[in-house]
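One chain, chain A, appears in both complexes that follow, with chain B as partner in the first and chain C in the second.
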Partner chain A sequence: MAARLTRYGLPAVLILVAFLFPLVEGYLETDLMYPIIIITIYVMLALGLNIVIGFAGLLDLGFVAFYALGAYVVGWFASSQFQQVTFSFGATTASLTGEPIPGIHISFWLLLVLAGAFTALCGVIIGAPTLRLRGDYLAIVTLGFGEIIPRFFQNGNNLAGFNLTNGTIGIKAIDSPGFPFLPDSMSALQRFGTLDLNPWYYTILVLVLITIYVNVRLRDSRLGRAWISVREDETAAAAMGINPVTTKLWAYALGAVFGGLAGAFYGAFIKNIFPDAFSFNISILILCMVILGGMGSIYGVILGAVLLQGVNFYLLPQMNEWVHSIGAAVGNQALSSVDLPRYNFFIFGVILVTMMLLRPEGIIPNRQRAEELHDHGPGSGDAMEGATRA
Partner chain B sequence: MEAGEANKTRSGVLIDSIRTSSWQSRIAVVLVAVLLVLLLKQAAQDPGQFLSQLFIGLTNGAILALVALGYTLVYGIIELINFAHGDNFMIGSFVGLTVLSGTFAGLSLFGAITDDSGTFLKIIGVIITLFVAMSVCGLVNVGIERVAYKPLRNSPRLAVLITAIGMSFILQNVGLIWKGPAQVPFPQLISDEKVFGPGSILFRWNDLFVVGVTIPLLIALSYFIQRTKQGKAMRAVAQDKEAASMMGINVNRTISITFLLGGILAGASGVMYGLFNGITVFNVGFTQGLYAFTAAVLGGIGNLTGAVVGGLLIGIIGAMSDQYIGTRWTAIVIFAVLILVLVFRPRGLLGDRSAVQGGGE
Partner chain C sequence: MALLEIENMHSFYGNIQALRGISLSVEEGEVVTLIGSNGAGKTTTLRSINGVMRPREGKVVFDGEEIQGIPAHRMISRGIAQSPEGRKIFPRMTVLENLEMGAFHRNDRPGIREDMNRVYDLFPRLKERVKQEAGTMSGGEQQMLAIGRALMSRPKLLLLDEPSTRARRAHLRYHQRDQRAGNYHPARRTERQRSPGNCHPRLRTGDRLHSHLSLSR
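And now, the complex of A and B:
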């Protein structure tokens, strides 16, 4: 009975809390909505990366590439980036004069699907030749792609005279999602605005719930078991008839899909995207969330994402103020003008090192993963392959 | 092997090897050939510019080679991509800058060495700077190994890699706190006037300086590894840790010494980078580190000669791409080289440890 309660009761309560949150927030007027939406985007990214790292045991250091690709898909097809073309389909923007607006404007909901498909395709293209590499080399290759794609966007304002990405300025004024066919009385849903953030919140919440559902179902599926076996011992898994490359490719592509979906939502939400927003640091931030929470553990990964973004949004600015007031009291110029949030990656670096040294399985560990990480016998045959194996 | 094979002419062997080569390598050879032809065409149009660019490439390549050696030494011995190595290089350039400025932690120890100082003072200053940076980086590298990598020696490989990434970010932020987010200028101690060369060919004093520091370091390293007892121990540990420890080799100390060597080279490289390019910045270690890692992989990771060859090649590729493709594409070109090499020839040009699972030794 207790097991059933934690299995179904806990998620039900958490989902209920998540759905009721905007009501509470609206009642208390705490201005929490914006950071909460960003945090939720990161929860989704972390869950996507969890498929790659937690389930399949592949270290992906370039996850930000898929995030960026998803955002740029929305940028390309829901803004006035391509002035040469005028095409509109289910878009929420309409010009005042009734003239069609230049650029491609496609409904966000279709683009969401397109972004998922596009990033999956990119995941397969990147993964197919690289996934036969050993773990640490694969990590570097993914890092290479994670670096190339934002740099390409940065330089893509003049590809043989064609402006694909608008360079460092990025793509501006991306259309809002919405349901333009609804009656005018429901204007908040017709076109998601910047004042009422609830529709945005529910959209990303639904996306996250889909991600969690897929995560859970994958973990318990035939494919999920194949991931575990490939992660633990690739050779033995191959001998049992599992194709390691296809299995890994699935993990890589599925992770990419969720990265792309989160990116697409981010692009529409933030409205202006530019290459600097997709740096290597983001990949490491997401990696840090997965490691802190617990590789392969869904609760853990969500907790990790919430904690780290909490550090970014609340703890550091708060500590900054404390340090400033201490500095002002002591009369120390350096202390009263220090900018702590700038050093957030110092904390993330420390988290990565200490977690790996002290508790590699994370705060809320996945039981199987924890045993793998603590099984130090030379014959453990971990997919990550212990360094001692001679 | 059949008896008839010995009688085959050299051209026959060549044709045979072409016949048995894979499509991948054939395409690669054609691509490289096309690139070389295009490059030579440019070179024929303006040989002066090409040669000057080649010298810049070689100098940058020498700086990269020293960093690449650090990656390759460590990978050769514990099979870890020491992600923090690039940031150690950055620390080296910052230490160099601090020594040259003469002030540390608010204490003015001696007057700053600037562009106007006398030649003798400059030479002594640069030598002391190099020495201090090398010692600091060597010790930092050993410290990192003790704190972050040693406890995880029997853990899965990726656990150590993640720790290395964490250390990289810690070092980067130390740099950020130390010198701030902006680029920091280096005093121009070594003149960038040309030493020799007819016409428009540029071979400058600072090119000569980099070459003059790199070559003795390489000779010393090679002597250490080939001729000394400790070097022999390093080679033994790289081959088989268990067997080496049974032979009475202190494995932990050997690994520490490897990290010390890597750090020393990174320190020298960091100072030279600063003096050569005139600037340094807290995140320079990330890109330079990746370039150097590319160099190590290109040459064949674990292979010391390979690291030097790879470093020079990457330096030249970077310089050529700066000149003929455009500076802003250089990073993309080099990362593309990294990916292509890892995917199609993970053993690198000279080959060593195989990166493909199940392959190699």
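And now, the complex of A and C:
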């Protein structure tokens, strides 16, 4: 009974709280909506990376590439980036004159599907030649890939005369999601605005719930079992009839899908995307979330993402203000002008090192993962273990 | 036609030749033991059969089909199961989960159930430890698990590499009487006298191996 309560009761309560949150927020008039949406995007990214790292045991240091690809899919097909063509389908933007607006404008909901499919394809294309590598070597290749994609977007403004990505300036004025077919009385839903963030919140919430559901189902599936066996011993897994390459490719592709979906939402939400927004730091940040929370543990990864992004987007700016006012009160020049958010990676570093020393399996560990980290017995000696332990 | 027929198999590790023309055959229902000193090529022979290595020359015919060069993960559905050297069990899975992995490619639940019970009959120790994590068991128990896991695929050919390194001989004997499948046992020379197999092809270290191994009955 107690087990059942934690299995179904706890998630039900959490989901209910998540759905009721905007009401509370609207009543209290806090400014939490924006950071919470960004945090939720990162929860989704962390859950995507959790499939690759936590389930399949592949160290991926270039996850930001899929995030960027997802965002650029929305950038390309829901903005006026391609002036040469005029095409609209289910778009929320229309010009005042009724003239068709230049560029490709496709419904955000279709683009979500497209972004997921496109990033999955990219995951497979990149994964196929590299997944034969094991451990550290795979990490290095993914690291390179994570650098190449933003660099490609940066230099993609003149591909044989064709402006694909608009270079460092990036793609501006991306269309908002919405349901243009709804009656005018529901104008807030016709086109998601920048003032009322609730529709955005519910969209990302549903996306995250889908991600969690898929994570849970994958963990308990045949494929999930195959991932565990490949992670434990690739040779023995092959002897059981599991093809290690396709098994790992699935992990890469599925992880990429959620990276891409998160990127697509981010692109539409933030409206302006440029290559610098997809730096290597983000790959590491997402990796930190997965490790901090507990690799392979769904609750843990969510908590890790909320904690780290919470520190980043809420706690640090808040603390910055407190420190400034303390500095002003005591007349200390250094305190009143310090810029705490600049030290975020220093703080993450300290958190991560402390975690690795005190609780390497993460805050909420996954059973098997915890043993892998504490067990010094006849492990597989796979480089991934060493890399994550280091 | 024998169940397994190997003709003039040559295998290499990089440029180093490990096998120089092995030929042997295993009939259905037969237990064959391969013996030889360290470095003679017992494990390499097995690896060349089960797809972990690709023989550079020669033919491996199983059940009437040439199987050399087919990757390892396709072998189990053809009926070749193995208990690899160094007991490659999944240490952080339970005994039950390990046995289930052995039947990973099968869908027939009643058949799997039946085989599971057969494995428990062979190795009652495993039944006692169903929920225990495999890595925490003794070496001999892990060996039983590796053999049990291989049997879970209901193989036509069972490849056991160093099966008696740690396992109790009594268990092996029992198991071999029971299995009607063709078994191919490499084991060490020191075990020759008491080896349960009925044929003993012998591999010798040196720059020239026997170019043809015939089975002495």
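One rule holds for everything that comes next: the second predicted complex is superposed on the first by the 363 of 390 C-alpha atoms of A that agree within 3 Å, B and C clash if a C-alpha of one lies under 4 Å from a C-alpha of the other, contacts with A are read in each partner's own complex, and residues count from 1 in each chain.
Convention: a residue touches a chain if its C-beta (ideal position, glycine included) is under 8 Å from a C-beta of that chain, and two chains touch if they have at least 3 such contacts.
Quantities reported herein were computed from a predicted structural model and do not represent experimental measurements.
Chemist: Tell me which of chain B and chain C touches more residues of chain A.
Modeler: The partner that reaches more residues of chain A in the superposed model: B.
Chemist: Looking at A:A277 after the superposition, I want to know if it touches chain B, chain C, both of them or none. Which is it: first, second, both, neither?
Modeler: A:A277 sits against neither chain B nor chain C.
Chemist: So, A:I291: does it touch chain B (first), chain C (second), both, or neither?
Modeler: first
Chemist: In the overlay, answer first, second, both or neither for which of chain B and chain C A:S229 touches.
Modeler: second
Chemist: Quick one: classify A:T130 as touching chain B (first), chain C (second), both or neither.
Modeler: A:T130: touches chain B, not chain C.
Chemist: On the A-aligned overlay, A:I140 touches which partner chain: chain B = first, chain C = second, or both, or neither?
Modeler: first
Chemist: Looking at the overlay, what does A:F348 touch: chain B (first), chain C (second), both, or neither?
Modeler: A:F348 sits against chain B, while chain C stays out of touch.
Chemist: Is A:A18 touching anything from chain B or chain C once the two structures are fitted on A? First, second, both or neither.
Modeler: neither
Chemist: Looking at the overlay, does A:M356 come into contact with chain B only (first), chain C only (second), both, or neither?
Modeler: first
Chemist: On chain A, which stretch or stretches are contacted by chain B in one complex as well as by chain C in the other?
Modeler: Correct list for chain A: 235, 372, 378.
Chemist: Show me the residue ranges of chain B that touch chain A in the complex, using the header's touch definition.
Modeler: Residue positions touching the partner: 78-81, 148, 151-163, 165-170, 172-174, 176-177, 181, 240-242, 286, 290, 293, 297, 328-329, 331-332, 335-336, 338-339, 342-343, 346, 355-358.
Chemist: Show me the residue ranges of chain A that touch chain C in the complex, using the header's touch definition.
Modeler: 222, 225-226, 228-229, 232-233, 235-244, 368, 371-372, 375, 377-379
Chemist: Name, in rising order, each residue of chain A that touches chain B in their complex.
Modeler: It comes out as residues 57, 59, 61, 129-130, 132-137, 139-141, 143-145, 147-148, 151-152, 154-155, 234-235, 280, 284, 287, 291, 342-343, 345-346, 348-353, 356-357, 360, 372-373, 376, 378, 382, 384-388, 390.
Chemist: If you look only at chain C, which of its residues touch chain A in the complex?
Modeler: For chain C paired with chain A, touching residues are 50, 52, 71-77, 81-82, 84, 88-93, 97, 100-102, 104-105, 133, 135, 149, 153.
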